[in-house]
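Structures for review follow.
After this come two complexes, each holding chain A, first together with chain B and then together with chain C.
For the complex of A and B:
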């Protein structure tokens, strides 16, 4: 850590991990409700648990991105953060608002929540992932704008690096696209079309810029490879992400009202969406092969490699599986979608946040070369337990999805099984998914446990000539 | 990557490529929204009642369990075609089905998935039914493959 103000990233990372734990608890509740339908009913109905599960994910990833930004931008710009105080104030505002919203979901009936938060004045609630009361949405917008101001002031007064430019472009895109969450026309078809401007253009657009920038930064630090090489890769990767991903939005427009040309556009462009993720894999492994040092923080290196591979599998391969219109006609809104969603979010966004945490947190704790060997081994156990569990969650959900499509979607009307009858048939897959989820929770506990092991690693050993100044 | 491929070339591909595709996406969005959708989403039948139904749909977080045109949660049945599946395409039949269904919830059958009772009045249930009926008539390129959704 070269600048004292980078330390403000710490509360963001800690809070992100706390929310992550909450997300997994609710994931287990949901997994059980899939097979024991009345579990926790009526105290926590499925829709409430799901809202908590998905909203916690979004919010903790935002905390993770913000922490990453506060850590990276000053170091890249070679200057102190414009206002650490503002960063602290925003942390508390966001943390309190986020917590209150989640408590609102849990303890207030949703219709009542809509009423007391005066949803009537500007109705934005009750849409998937955008369930937050309008006042919370406004709060998120305000926090993000103030955060961007703080970051822009920092970046502008210092060195302009490609990592910073790409990261900030991604964050500005995130903020601008969030504004579509306030647009909720009474025409459902229009509502759905612009809903995807937030959801798709975040995760298959600007978030990839954020992911690419974090990955590039960590690789510069860990491998000591010349920044020129890494920045060139970063540009090519994000170019591919946007060239494929923007029109790739069309794969969501197949069955919600827009005209037929989207069947072609969406299929062709989204079929290319795995490319940027594949390039990230090649990029990470290439840079690691050309490393100028053997960085002692092997855990961070593992996360960096892992995030590219799992993002490619989850977002790339599992996305491609059901993205072509003739396939999607049968798989749309089935458990196949759920399988893809789980592995894509884990691989691309959970793991990139855990990558920067693995790299930056030891440094902020006064362990410049990483945690002790023991701590790293425990952390890597957490990595493997969570990652392998997620592979199994995805495989079991895929099995459930294939069966669901076979029973419920493929036969003609009259012969097809009803939704609920089909669900009973695939219960075994849901049970196995639940067991895999329990292993994921165990992995998370091991991972969190690694933070409590003392000691630090020794300095890096340089290979192939000296590492760059930046590293 | 070959050395001849420079960083500024990479940057230009990024800037040029994304600018082009942002503009293309905006053009397609205008075409979709202004030219195509009015023909496809039967907006002329978007009555006050349908709008009230949509708000009820949202304020009770129905999408937290059900999917609508395949989007939402996958815990409970698809509802964009429930008008055809349970109402047989008949407004009056569907309304009475909806009233019977909503009032019978929750079933409290042990171990089964439970739908809460949202305590909607009869006229609110009619609003919701009107919203679902309107939704079922959006031209969605023939999705879902069969009546089961």
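For the complex of A and C:
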């Protein structure tokens, strides 16, 4: 850590991990509710648990991105953060607002929550993933704008690097697209259409810029490869992400009412969305092979490699499985979508946030070359347990989805099984998914435990070649 | 000078990153072309009817504009490599030649639109408008790159020693041109 103000990233990372744990608890509750329908009913109905599960994910990833930004931007710009105080204020505002919102979901029924938060004045509630009360949405917008101000002021006064430019472009995109969450047309088709402007263009657009920038930053630090080489890759990757991702939005427009040409455009462009993810795999492994130093933080290196592979599999391969319109005609909204969603979010965004945490947190705790060997080994156990569990969650959900499509979607009218009858047939897959989810939780406990292991920090690194200015 | 040429040998012109980008772009167009072929085989009548509404002569003039521009760009690369003057002028001439295409295309769009054709008319026009407009945007990006090259050459930022920037820009431009050489017969002639 070169600048004292980078330390403000710490509370963001800690809070992100706390929310992550909450997300997984609710994931387990949901997993069980799939097979034991009245588990925790009426205290925590399925729809509420699902809302908490997905909203926690989004909010903790935002905390993770913000922490990453506070850590990276000052060091890249070679200057102190514009206002650490503002960063602290925003942390508390966001943390309190986020917590209150989640508590609101859990302790007040949704209609009452809408009423007390005066949703009537500007109705935005009631849509999947965007269930937050309007006042929370406004809060998120205000926090993000103030955050961007703080970051922009920092970046502008210092060194301009490609990593910073790409990261900030991604964050500005995130902020701008969030505005579509306030647009809530009464026509259901247009409502869904613009809803995807937030949901798709976040995760298959601007978030990929954020992921690319964090990955590039960590690789520069860990491998000592020249910045110019890494920046070139980053440019190509984000160009591909945007070319394929923006028009690729069309794969959500197949069956919701927009013109027919989206069948073609959505299929073709989203079929190419795996490309930027594949390039990230090649990029990461290439840079690591060409490394000019062996950084002792092996755990961070593992996360960096892991995130590219899992993002490629989850977002790329599992996305491609059901993105072509003739396939999607049968599979949309089935458990195949859930399989894809789980592995894509874990691989691309959970793991990239854990990558930067793995790299930056030891440094902020005074261990510039990473945690002790024991702590790293435990962290890597957490990595493998969570990652392998997620692979199994994905495979079981895929099995459930294929069977569901076979029973419920493929047969001609009259012969197709009803939704609930189909669910009974795939219950075994749900049980297996629940077990895999329990292993994931165990992995998370191991991972979180690694933060409490003391011991000798890693010694000064063994530098293979000349150290660069950056690393 | 001959030694310099020989030393360069059969190297990849331009930056490897640009080639990655070019291949990715070609992959996008290739998949669109395949999609076009599949759609056409399913409904040949719509595609012939659609083709009849196009202006083959405007298409031909556009093609000549783009090919001329490519020739001028290639000449300018050689001039820079041989450290001759006039590189920037050739690039400006290429931009002018390619503008025949951009204006021709805008005229076609205006005319078709006035006659009631648009992206949603039928599958042929979906492909026609999308493919050509997607390509049009690439031409505009290519023109912007050519302007940057011309300005940099004029300022003396590029010289015969380091051809990386010039060759990268020129390679991208040739990709744009190449795609049109497939698009033109596919949409205006074979449909």
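Keep this in mind: the second predicted complex is superposed on the first by the 462 of 471 C-alpha atoms of A that agree within 3 Å, B and C clash if a C-alpha of one lies under 4 Å from a C-alpha of the other, contacts with A are read in each partner's own complex, and residues count from 1 in each chain.
What we mean here is this: a residue touches a chain if its C-beta (ideal position, glycine included) is under 8 Å from a C-beta of that chain, and two chains touch if they have at least 3 such contacts.
Just so it is clear, the structure is predicted and the values come from calculations on it, not from any experiment.
Of the two partner chains, chain B and chain C are each touched by A:259.
Number of chain A residues touched is higher for B, counting chain B against chain C. Within the superposed three-chain model, A:453 lies out of touch with both chain B and chain C [touch as defined at top]. In the superposed model, A:193 lies in contact with chain B only, and not with chain C. When the two complexes are overlaid on their common chain A, residue A:243 makes contact with chain B and with chain C alike. Within the superposed three-chain model, A:279 lies in touch with chain C and out of touch with chain B [touch as defined at top].
In the superposed pair of complexes, A:271 makes contact with chain C only, with no contact to chain B.
In the superposed pair of complexes, A:235 makes contact with chain B and with chain C alike.
Once the two complexes are laid over each other on the shared chain, residue contacts for A:135 go to neither chain B nor chain C. In the overlay built on the shared chain, the residue A:337 is in contact with chain B alone; chain C does not reach it.
When the two complexes are superposed on chain A, the residues of chain A that touch both chain B and chain C are 232-233, 235-236, 239, 243, 259-260, 265. Partner chain A is touched in their complex by these residues of chain B: 1, 5-7, 10-11, 13-14, 17-18, 21-22, 24-25, 28-29, 32-33, 36-37, 40-41, 43, 46, 50-51, 54-55, 57-65, 67-78, 106, 108-114, 116, 118, 131, 134-135, 138-141, 143-149.
Interface residues of chain A facing chain C in the complex, by the touch rule stated above, are 232-233, 235-236, 239-240, 243-244, 259-261, 264-265, 267-269, 271-272, 275, 279. For chain A in complex with chain B, the residues that touch the partner chain are 33-34, 36-38, 41-42, 45-48, 50-51, 110-111, 114-115, 119, 123, 125-128, 131, 162, 184, 186-190, 192-193, 228, 231-233, 235-236, 238-239, 242-243, 246-247, 249, 253-260, 262-263, 265, 329-330, 332-335, 337-338, 408-414, 416-420, 422-423. Contact residues on chain C toward chain A in their complex (touch as defined above): 15, 17, 20-21, 24-25, 27-28, 31-32, 35, 39, 119-120, 123, 126-127, 130.
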